[in-house]
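Take a look at the structure below.
Think of it as A, B and C in the order they're written, each chain with its own count starting at 1.
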Amino acid sequence: MNIEALIASTFDGLMLGFVYGLMAMGLTLIFGVMKVINLGHGPMIAIGMFAVLVMSQALGINPYLTLPVIVVMGILTGIVMYFLALHRVINSPELTTLLATFSVNMMITGLMTVIFTTSPRGLDVTLGSLQFGQVTILGTRVTAVVIAVVVTIALYLFLYRTRQGKSIRAVANNRSAAELMGINSSWMLGLSFGMGTMLAMISGMLLATMFSFTVLTGNTLETKSFVIVVLGGLGNPTGALFGGIIIGLLESITTIFIPVSWVPVLEFVVFIMILLVRPNGIFGARSS
Amino acid sequence: MILSVENVSKRFGGLQALDKVTLSVKEGEIFGIIGPNGAGKTTLFNTINGVYPPTEGHIKFRGDDVTGLQPYDLSKRGIARTYQVVRPLGELTVHENVTVGACFGRENLPLEKAEKVADEVLEFVGLTVRRDILASKLNVAQKKRLEMARALAARPILILLDEVLAGLNPQEVADMLGVVRKIREQGVTIVMIEHLMHAVMNLSDRVFVLDYGAQIAEGTPQEVSNHPKVIEAYLGDPEVAKRFLEGTSS
Amino acid sequence: MKTLKNISFWLLFIAIAAVAILPIAQSNVSMREDFFLILMLVILASSTNIIMGYTGYVSFGHIVYFGSGGYVAFYLMQTFQWHFVPAALVGGCVASLLAFLIGMPVLRLRGAYFALATIGINEAVRSFVSNFEPFGGSVGMFFNFGVYDVYGGAKNAGQFAYYAMVVLALVTIATSFLIKKSKFGLGLMSIREDQDASMVLGINPARLKVITYTISAFFPAIAGAIFFFKNGLIEPGPAFELHRSVEALVMVMLGGFGTVTGPIVGAVVYERLRGFLITNETFSNFHLVIAGGLLLLIVLFVPAGLVGWLRLRFAAVRRFLE
């Protein structure tokens, strides 16, 4: 077995894992705050992917410059989705919110298929690479990790240092008590949902710089996000980050030993194992 | 002794919810459990009824060690339980709710017989007129009765009542007390957690007092209400205590 | 048994049988094909309802049993020249076994976790089958010419498949009815409303859930066997198409979950709507969007579905529409 291949894969997986972690954080944040599993997560990732594609091609700019736009787009889309599909049924049983978010998934996927068709797309981004002997580290990956880390730090600063962030955490902890303190819980829920979708979109943007994609890639990544979220503990953003890294590493390293087409089977087995043995995830489920 | 709880302790991480609780309940009696909020009364019920096993200790029902058995096994053995915060099966009718109790309880009846038993029980608690209404549409007092009816439909030998009087107005309390007395007349042993002092003191044959998960007194209602530790646990102020106790000795 | 004296059961049974016989009586092949598909959707929707409507556990990936049954039956017919009937039955049993094995660990989870797990199961089985050479890997399998000879040629096989689908639909609906009106069904609905309270009432949720899930896997499996038998070709993509089970879910919600007639009504209405949309120039590409929109409207405003709403509103209807 080639040690250098192993090292290369490890780095690869680690970097990919950071982006996966960011992706899963969006899903877990929403669950932590309002106990909703957002089945519309996949399309949000896909929107991020196509947004960066369209903008960078139409405006002829560096894809990374679209980040601020995607941030705003993510938050707004999330807020709109919350008020349209979830607000009315937020206190209903799980099945209802599952179906509500799923219906949004269907609508967005359908719409995007009409607009973009299912043909594969790719972003033309090259940022050079670093060489360490036989190990190549792509510049795009490093950039993606850096952005993922920056966004994560920003998220934490927001949740713990700003008033809105603290309001969100209050609502997550005890909604009625928060309302008694004068917090408009609906807006806070909408905002948190917006933040969750923003994280999904940013991760979509970053993933677009690394791989080719189609309108359906989002849904595949959604399934992956579930695995990561459960692995890390539902509602636990730090757990999601580490869960992402674990899955990233798992994917990259195992492809040395088994064919790529078996990877979904492996991930699913991991998923089932976790659900059975430690349903609270490795790092423990939490609400925010 | 139909039920004996022997040295039962329950820990939740760092919290000692129950500390070597020991008590025995005689067949056919009404056994009251009182104590300040957070004393561990519902936790005790949960260990008896199988919701979770005790960390230490044993629970014996009719001579058999039933520690750690699942709630459904205990139900089949004849232990029924109501919840402090009622849990009606919302989308089913009142009659269907009670039928569930009759179907899966101690007698494990087939559907048709269970439906008849359900009708009898509804009559017993006075909910016949609301038979076909969805359980979620009842008011609190009616839901409490439904909770009782469901438990009774299983024809239990022992019934654990968790604050059946909470949230009821004085008239509703009097009505509910009447139902409890009727249950006793049927020969069912009753263990009840209650906060309403005059009710539990009036109704119980014996009373057990919990505070911070441990026993602080046990005896007849008279003995317990005069017990210094009980007074201290609940009230602190002896003057208030005196006035209060004068009210219960009727 | 009580069910057999129930008037709404016989009404439903006869109505379905009568409608199903129509294309045969009129020798109308295109109607037969149309009904074939609708009956299949009715079976998928009813099976989804058995697990979802009665227990409240949403099986997003239920289609995995359709594909599994289809593949096992196809394999037996193609490789070992089995006759359709035993092959389909074995396919059904294998699927039920799969459901039993998966169900035992996975049904211990609560709502959302279960739903996610079922998606994972479907994806994993699909990936597995795509890699599994005896089942044709990613290419799938197809029938040799001779396979249909036993049935009198391909045309007769088509008719045979139709009869099979009719019988299966009737059996599925009868089972759904039996469950709903039985003590078993009452236990399921109790679990759906409040699992913890049900345990205290004497119900063993794990056992009931697993049994129900196992039963609910049998019918889609045989439907898959019939469908792919008629197709003559089976591939991993169409066999494990996640959207099919999602559509089954929409049908159940549309018609009314937890009822017997709801999934039937939902399937018919949805299929007609879809058929209209696909053939219509402007809407054909939007059918997913419209299905999604429809689901959202139902979830937000009429969660009980068409039949559910009728039953709530008009007590008289309750006797006739289960």
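Quick note on the criterion: contacts are C-beta pairs under 8 Å (C-beta built on N, C-alpha and C of every residue); 3 or more make two chains touch, one makes a residue touch a chain.
Computed from a predicted model, the values in this text were never measured in an experiment.
Among the chains, the centre nearest to the mean of all shown protein C-alpha atoms is found for C.
Here the chain pair with the top count of touching C-beta pairs is A-C.
Separation between the centroids of chain B and chain C, computed from CA atoms only, is 44 Å.
Computed centre separation for the pair chain A/chain B is 48 angstrom, with centres defined by C-alpha atoms. We define each chain's centre as the mean of its Cα atoms; on that basis chain A and chain C are separated by 33 Å. For chain C, residues touching at least two other chains: there are none. Residue ranges on chain C touching chain B, taken from their complex, read 2, 182-183, 186-187, 189-190, 192-194, 196-204, 258. Interface residues of chain B, counted against chain C in their complex, comprise 49-51, 70-72, 75-76, 80-81, 83, 87, 89-92, 96, 99-101, 103-106, 108, 110-112, 114, 150, 154. Note for the complex: chain A touches chain C at residues 37, 85, 88-89, 92-96, 98-100, 102-111, 113-114, 223, 226-227, 230, 259, 261-265, 267-269, 271-272, 275-276, 279.
By the touch criterion given at the top, residues 52, 56, 58, 60, 105-106, 108-113, 115-117, 119-121, 123-124, 126-128, 130-131, 138, 246, 249, 253, 285-296, 299-300, 303 of chain C touch chain A in their complex.
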